[in-house]
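Each in structure tokens, the structures are laid out below.
In the two complexes below, subunit A is the common chain; its partner is subunit B in one and subunit C in the other.
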Partner chain A sequence: MIALQCRECQRQYPTDLSYVCEECFGPLDVVYDYSKLVVKRETFEDRPKNLWRYHELLPIEDKNSIVDLGAGYTPLHRADRLAKRLGLQNLFIKNDTVNPTYSFKDRPASVAVSKARELGLSAVGSPSTGNLASATAAHAARAGLPCYVFIPFDIEPAKVVQASTYGAEIIAINGTYDDANKLASQAGELYNLGIVNGNIRPYYVEGSKTLAFEVCEQLGWIPPDHVIVPTGSGALLCAIRKGFYEFERLGLIKSNEVKISSAQPVGCSPIVDALQQGRTSVTPVERPQTLAKSLAIGDPGDGEFAVKNVRESGGFGEKVNDEELRQAIHLLASTEGIFAEPGGVVSVAVLSKLIDAGRIDPDELVVCYVTGNGLKTPEAISIEGIQPAVVEPKLEVLAQIIRR
Partner chain B sequence: MSNVKVVIPAVMASATRGDRVIEISGTTVAEVVSALSARYGEPFQRRVLDAEGKPRRVLNLYVNGKNVKFLSDLETQLGDGDELMLLPAVSGG
Partner chain C sequence: MIALQCRECQRQYPTDLSYVCEECFGPLDVVYDYSKLVVKRETFEDRPKNLWRYHELLPIEDKNSIVDLGAGYTPLHRADRLAKRLGLQNLFIKNDTVNPTYSFKDRPASVAVSKARELGLSAVGSPSTGNLASATAAHAARAGLPCYVFIPFDIEPAKVVQASTYGAEIIAINGTYDDANKLASQAGELYNLGIVNGNIRPYYVEGSKTLAFEVCEQLGWIPPDHVIVPTGSGALLCAIRKGFYEFERLGLIKSNEVKISSAQPVGCSPIVDALQQGRTSVTPVERPQTLAKSLAIGDPGDGEFAVKNVRESGGFGEKVNDEELRQAIHLLASTEGIFAEPGGVVSVAVLSKLIDAGRIDPDELVVCYVTGNGLKTPEAISIEGIQPAVVEPKLEVLAQIIRR
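For the complex of A and B:
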């Protein structure tokens, strides 16, 4: 890491607690001197199976600062049964439901809390639609730092219980994610909190690009043809594109022609709407209404950058409704044994729709990022129909049930 | 004209010569932004407005805590004692 650089005007800053360009207010990103980074495929061979195996490409100077719960290097699951059902030949699920707090957010949270420690901050926090709350809280607990999370009041109860149990102070806002985000931003400045996706955001987003690194490594250093990314703020999608770019730049993969498609739920699809309507600007959604609450970000901070990245990569934007999300949860669980939450499975639901629209060739190597665990949102699944009938413990009752 | 309080976060105070709380007059967001541009000149204007005179995508404007994107953008009306706040448009879900 050499500097922070403004995404708009390219002005550079030292790697401290900065996140906005003084010159133009553009967002700052971490930049590296790739010509001085000496990494080969073999460099990573004997390293621990977590995201810190790529530490040369993560923005932490001192390894003693690292706060690690083992996030990352999750299974890349060859999904032949689901592929057959959908009419594909090469489908993989990047199963990020099995991270330490059961969502991909452990990746950026691990990097951000590490950076907070390196910068000497005495407390951290985050606005969250749910998953980041737990990821931040767990890593803060591991680091021994107080943690304050700002959530919309109506997120899934399991996510509140989880974050609270890690010891975080839960600030439930009578409003949307955007309201929580605004308050957290003000609190960061007023109370000198490290807001992982606010004033530490340049470092935070770096954690998510490991989702691109791992897919390449797990495919034998060959990038996929097409990836489908659940999209809320757009930060994950932009980070994944950066990850593929960096591996190509460093010669770890031969070429990077990965198509990146954005998956959003109907009811909060500002990025997909811009893509489908041919716009560069993103029109915010004031009151998101969707089963996929983890993606209910009406005014996505990286929205326009995500739109640009999807277009440049040759990918698509597609959205699905609540019923399609429920069907995708059941489909993924019953064909592949992976239980995902609505916001995490939106990629699978969108894949099905893109295939129906003829936008994916049957022989493309497709990776769906599945980013959150179904146990976080049990209420998302229709409870009727899965409550078993209670029977007497007698062998004869089985004749009615086990029909073979 | 309404008397309005404008709140600027530390990371954006480069546009207002370090001023963080500013009393200024105007009946719409556009009028207040225009008055701020007159007071703080080009360094304010180029950071806050794009070439078409619209608020740049990298920041959000809030009137009494509500994003003007969900009100009437620059035409949002302001009354005496209202607060206009600027914040960077960043979020990470």
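For the complex of A and C:
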């Protein structure tokens, strides 16, 4: 890591707590001196099976700063039964439901809380639609730092219980995620908090790159043809593209022609709408309404950059409604044994829709990122009739149930 | 694997669907010819990071039968902050909350469903207090086999939603786990179902041994001094002891003097009661009543064998009440960032009690097995006051919340 650099005007800054360009107010990104980085495929072989195996490409200087709960290196699951159902040959699920706090957010949170420790901050926090709240809180607990999370009042109860059990102070806002985000940002400044996706954001997003690194390594150092990414703020999608770029730049993969598609829910699809309408600008959604609450970010911070990345990669944007999300949850669980939340499975729902529209070649090697756990949202999954009738413990009742 | 062998009279049987000795009605165990097994520490090094890395010691003949969702090789988490709080030097948490269906039950379920496939069975099932239901259902989904799970009517809602989402048929019994167990066993016979913890039980329990194997390997091939095991049927505890024995027998660890302690909840502690009262026989609990519903097994199948194993190893039995379970959940989450259910964290609660009673030396290397995920039981964790007050998104409200 050599500097922070403005995404718009390229001005460079030291690697401290800056996150916005003083000149043009563009966002800052971490840049590395790739020419000095000597890594080979073998470099990673005997490393721990978590995201820190790629530490040369993560923005932490001192290994003693690392706050690790074991995030990353989650299973890349060959999904033959699902593939057959959808008419594909080579489908994989990247199962990030088994991270330490059960969503992909453990990746950026692990990096950001490590950075907070490295920068000597005495407390951390985050605005969150739910998953980041627990990821931040758990890593803060592991680091022994106080943690403040800012959530919209109406997120799923299990997510609130989880985050507060790690000891975080929960600040439930009478408003949307965007309101929570604004308040967290102000609180960061006033109370000198490290806001993981605010003033620590340049470092934070680097954690999500590892979702590209791992897929390449797990496929035997061959990148997929097409990946489908659940999209809220757009940060994950951009980070994944950067990951593929870096692996190519370092010679770890031969070429990078990965199509990256963005998956959003109807009810909060500002990035997909821009893609489908041929716009470069993203129009915020004022009142997101979707079952996929973890993606209910109306004013996506990396929206326009995400649109650009999808277009450049040759991917698509597609959106699905609540019913399609519920169906995808059941389809993925019943074919592959992976239990996801609506926001985590939107990639699978969109894949199905892209296939129906003839936009996926049956031979393409496709990876769906599945980013959050179904136990976080049982009320979203439990549709009419899922609660079983109670029967007496008598053999004769089974004749109606077991028909074989 | 050479045979199934009666634990009581040592009579041997072929490795098919037998599980009870025809002579003496003793339970059958899998036996291996250790003298023919050539494995070294290096044998396992480049293997996949899941329980199948130990396939020589698992009862599946044909690797093509394996049904793998990535169970096992979960993090062994050095718990320095928790250790300090408790006054220990060397404490580790074996975090089985991050298995594919979020409990340790994925281990035996993966082995049992693999065996069902190897034996050519066309459907599987299990009685369950909740966690095994999902573990069986998910592995059945992965294998494309129909699945029937038998649960007491009053288990936690998230567990029911999860298991049914994998596509399992849920049979909710107006009765206890013991009633569900009996009915499942009869159904297995009548409908030719592979009941993973019934007629496939000898193979099933082998999966749990890997919790001993992994701890040894993760500690650099040195066994811990003391392990604490959440105990329901007793099968897990017995399997863990067998695991340590086998690793010593094969020369993978130098000696096996691991103390094994049993942790149960007040309200269902038949094994701990036998241990504390110096009995060899276990008195069933007719109506279990505990927050730790996953351990509410009143008539434990391996109860007496578990009592024997604890005594022989030099370990203890201890029980904790609901309030101590809730406190342990918060303690583990807020010090180490691990979120567990009551039945999963009973080991940590018991550790605390054993330390208070002076039964643990501060220098002992202790491993607590944490076997199930907190997201499965949010209602058990959510105590008065955990739901935060909703505030307006205004900076001034924070003065009351962020006191720094």
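Assume the second predicted complex is superposed on the first by the 402 of 404 C-alpha atoms of A that agree within 3 Å, B and C clash if a C-alpha of one lies under 4 Å from a C-alpha of the other, contacts with A are read in each partner's own complex, and residues count from 1 in each chain.
Keep this in mind: contacts are C-beta pairs under 8 Å (C-beta built on N, C-alpha and C of every residue); 3 or more make two chains touch, one makes a residue touch a chain.
It should be emphasised that the depicted structure is a prediction, and the values quoted were computed from it without experimental measurement.
Contacts of A:102 after superposition on the shared chain: subunit C is touched, whereas subunit B is not. By the document's definition of touching, both partners, subunit B and subunit C, reach A:186. Touch criterion met: A:19 reaches subunit B, while subunit C stays clear of it. In the superposition on chain A, A:69 contacts subunit C only, with no contact to subunit B.
Within the superposed three-chain model, A:201 lies in touch with subunit B and out of touch with subunit C [touch as defined at top].
Counting residues of subunit A touched by each partner, subunit B versus subunit C, the larger count belongs to C. Note: residues 179, 182, 186 of subunit A belong to the subunit B contact set and to the subunit C contact set alike, using the contact criterion stated above. Residues 9-12, 14-15, 46-48, 56-60, 62, 65, 67, 69-70, 87-93 of subunit B are the ones touching subunit A in the complex. Against subunit A, in their complex, subunit C makes its touches with residues 49, 69-70, 73, 75, 77, 81, 95, 98-102, 122-123, 134, 137-142, 144, 146, 148, 153, 157-158, 160-162, 164-167, 169-175, 179-180, 182-183, 186-187, 190-193, 329-330, 333-339, 373-376, 378, 381-382, 386-395, 398, 401-402, 404.
Considering their complex, residues 8, 18-20, 22-27, 105, 108, 126-129, 131-132, 177-179, 181-182, 185-186, 189, 196-199, 201, 204-205, 232-233, 235-236, 281, 284, 286, 294-295, 297, 299-302, 304 of subunit A touch subunit B.
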